[in-house]
Amino acid sequence: MTGKKDIEDWWSTSIIDMEPGKIAFRGRPVEDLIGNVGFAQMIWLMLRGELPDPGQARLLEAALVASVDHGPQAPSIACARMAVTCGLALNNAMASAVNFLGDVHGGAGEQLVALFQSIDAAGGPPAVAAEIERFRATEGKYIPGYGHRFHKSGDPRAPRLLALVDELAAQGGISGRFAAIAREIEAHLGKGRARPVPMNIDGATAVIFAELGFAPPLARGIFCLSRSVGILAHAWEQMQQGGRNKGPLPPDYTWTYTGPET
Amino acid sequence: MTGKKDIEDWWSTSIIDMEPGKIAFRGRPVEDLIGNVGFAQMIWLMLRGELPDPGQARLLEAALVASVDHGPQAPSIACARMAVTCGLALNNAMASAVNFLGDVHGGAGEQLVALFQSIDAAGGPPAVAAEIERFRATEGKYIPGYGHRFHKSGDPRAPRLLALVDELAAQGGISGRFAAIAREIEAHLGKGRARPVPMNIDGATAVIFAELGFAPPLARGIFCLSRSVGILAHAWEQMQQGGRNKGPLPPDYTWTYTGPET
Amino acid sequence: MTGKKDIEDWWSTSIIDMEPGKIAFRGRPVEDLIGNVGFAQMIWLMLRGELPDPGQARLLEAALVASVDHGPQAPSIACARMAVTCGLALNNAMASAVNFLGDVHGGAGEQLVALFQSIDAAGGPPAVAAEIERFRATEGKYIPGYGHRFHKSGDPRAPRLLALVDELAAQGGISGRFAAIAREIEAHLGKGRARPVPMNIDGATAVIFAELGFAPPLARGIFCLSRSVGILAHAWEQMQQGGRNKGPLPPDYTWTYTGPET
Amino acid sequence: MTGKKDIEDWWSTSIIDMEPGKIAFRGRPVEDLIGNVGFAQMIWLMLRGELPDPGQARLLEAALVASVDHGPQAPSIACARMAVTCGLALNNAMASAVNFLGDVHGGAGEQLVALFQSIDAAGGPPAVAAEIERFRATEGKYIPGYGHRFHKSGDPRAPRLLALVDELAAQGGISGRFAAIAREIEAHLGKGRARPVPMNIDGATAVIFAELGFAPPLARGIFCLSRSVGILAHAWEQMQQGGRNKGPLPPDYTWTYTGPET
């Protein structure tokens, strides 16, 4: 054994402490948590190091509930269902599908929390126009979290989530300043358009994550926890339906071939 | 368009109904669920088609809380941490790690719920000895859910979970017959040994899943939801710690080479 | 440091030996391999511990070439393309897609090599009828490797692969007895049918893997290497085409909802 | 059926054309490819649309051979071995491991090919100093492809690969200008240091990919194909060794806990 470094130092964590017969998360014995804290509170404890107050827990729970599923047309859900017909167990189907929640499918919240934070640092709602211009110049013209290609006149999840945000802000549980920023962005994006560009689920949950003080990457991480529920439910339903090697379309609808003649 | 089958029939689901501006899960509009049901209840609704009663929800929640994490020595957790040092985003790190929850790491609960059900069908506790003999002949000598290589004198999570099971059974919320089967197995496995072979986390959560009427594969599926929380928390902690291409051991501890001489 | 076991012993391998400035695979310095062995030979060396002779290498190469792709209707290929539209990098898209090559999509070869071996052990072609009966009783009624739902009158890859097998068998490079078994199965499955049930790509490559002495799980493993090429090519093509969150069907074709009324 | 778009148009590809009984890749019937082109040539055809000449094929093959494996200390290899001990099949173990080849573990080549191309566009070797300054200002101070934390005095794979590049350049098969750029970077990075910072495997293969005209993302993609071989070989070796839930270190070496007291 010639290593210069103690092996025990190679991995270190403040999340979990263990000895034979003992497990503690963030300094709390597991047996005190089981039966006493809800799953959403446990998620908060694991990610943040302390337990949320009831208002915070309820808001996080709303975000977790809202994003579970968007049907077999969502790539993540289709992936899980197809995976099962290839013979995969539920954990493997979930893995392929959660993997899909990348920058485009699962990253909107992360980008938007970061944008909210930079607008907040620049002075809040009055800084929206300038910060959006900056975002478009550096990140891309598409502002994540607004508009929806399917729910064209409005995503039914967003107003309900925002109502919960407003309720908690009115009680002083959160500041409400990220909700104000988000609404100012909505107004800004709708200017001069016949039809507004309403906040969608990614926008509304980003407000929640920003209000609750989550770092931007956790917007994506928490979305993964939420969507995993729908992924699992669809994978399990497909397992019960059966089907083998089910592709995106029935086998007699193929694809457009654009290559050289054979 | 020459297909013989309507494309809309290619995917079908009873989980989610959608139209522009409308999303409903299991017949319930999403805006009625947000803010009114907890995350554990939502998981139940998505998997089972109806909402649980409060006792059922609390027991499911306990199982979800108990299994989130077993430290950087657990392959799933190590996987997530290593993944992040390879430059992966949280969704990708979670995917590689959830994939790990296969037959050995995540399948114990699934196998055990199935065993509990077959013992129950064969008459309950008196059938334990015969059913274990059958299991060993067909599935392998190792009975999942009992004993622990690290928590040798007992897994601290199991007694707490079983206390919650007993509490709900005493209230008539569940039958308690799977807890009785599980304890009979424990007694059977300990016969003639100096040291008992106590139920571990997989055993205790399998009791919960069986009591609540979940199909065996969902024992694995729900474990994936629970462990995803620890996976995310460790991935995020590692992201904050930094580190590049971190392997299992420090680079100056390598491996034993057993091949031909060079 | 209190471990009872030397850390260096925790991982051991006969595949690779390394010291600073030195890398050797199966006892051969990497600089002797680079430029001197082909990729298919290297695959053989890594999996088997020695280099193949030219006939063996050519046959393995034919199997690797034949299975790369079956178009955007194959779940693995669709998965890779969808993944890219969710914002995944090529490695992540490849991961989700290779994961799909499970028991149903990628396991046919593995099951078939095992069946070939058990028929061989039972005496070869004369044992086909009895072994198929046994297989159907224990493994399922579907014999993998024969028939094709798309190429109904025959998979164009199979006869070409079998011609190469016959050629090498005629030269004495392989025994040819697994090809004989495979053809006897084909004859057996076609008995009393108006239309034969011809060997497909999985059947023909299984003959190759069995003739070359690969263990059954490697039939799946080598298929994964081959299909990874098509997966990568389609992921890359989709990346160049663009598209965001592309589901299986256009968004205005949804799915059949079979759940309760909202 | 109310869609505005023909379903057949939803997926399109120039890679593969298929009809029942017919498969053609890039306009070439599969039966003409099997037995006539090597696996490395097939990779090129699938990615580029045409077959390489023999010099190009040999150079690509050298890159594919060189990167297959870097031992159980490489996160990708450790991942595959750990996955198998969790009960995963080979395809699933490969998926988790290939997923690891992200920006840090598998992205060096991609970044470096892009840097080579920008130096080339800026005038070649004389532009190295300015372009490296620009890279460090925008991408990060670490120049990928040079130096190695394990092979401190030089990666044995790099000189051999560069010798093959020089050989083909001398024959006029490639221009050699990316090799010149890469060597100028090496000289630049070594200036004023006691010890040079030699090109490593990522640097040498990036030279090959740039010389052969591959787009930067394909440097990562082709590395994934290569490393998949080592991943498969180690997963298979671990499957034969056995082991259950094997974590990074033996269970009696745990981790450093840095959280609050329990």
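Lettered A, B, C and D in written order, each chain numbered from 1.
Just so we're on the same page, contacts are C-beta pairs under 8 Å (C-beta built on N, C-alpha and C of every residue); 3 or more make two chains touch, one makes a residue touch a chain.
Keep in mind the model is a prediction, meaning the values are calculated, not measured.
Two chain pairs, B-C and A-B, are compared here, and A-B has more C-beta pairs in contact (counted per touch definition above).
Greatest Cα centroid separation from chain C: this falls to A.
In terms of their C-alpha centroids, the spacing between chain A and chain B amounts to 22 Å. If each chain is reduced to the centroid of its CA atoms, chain B and chain D end up 36 Å from each other. Taking each chain's centre as the mean of its C-alpha atoms, chain B lies 31 Å from chain C. Touching two or more other chains at once are residues 1, 3, 7-8, 10-16, 18, 22, 29, 71-73, 78, 88-89, 92, 95-96, 99-103, 106-107, 150, 248-249, 253-255 of chain B. Partner chain C is touched in their complex by these residues of chain A: 1, 3, 6-8, 71-76, 78-79, 82-83, 85-89, 92, 95-97, 99-107, 149-150, 244-249, 251, 254-255. Considering their complex, residues 7-18, 22, 24, 26-29, 49, 88, 92, 95-96, 99, 248-249, 253-262 of chain A touch chain D. Against chain A, in their complex, chain B makes its touches with residues 1-5, 7, 10-16, 18, 20-23, 25, 29-31, 33-35, 37-40, 42-43, 46-47, 58, 61-62, 64-66, 68-73, 78, 81, 89-92, 94-96, 98-103, 106-107, 150-154, 156-157, 159-161, 163-164, 215, 217-218, 220-222, 224-225, 228-230, 232-237, 239, 241, 249-250, 252-253.
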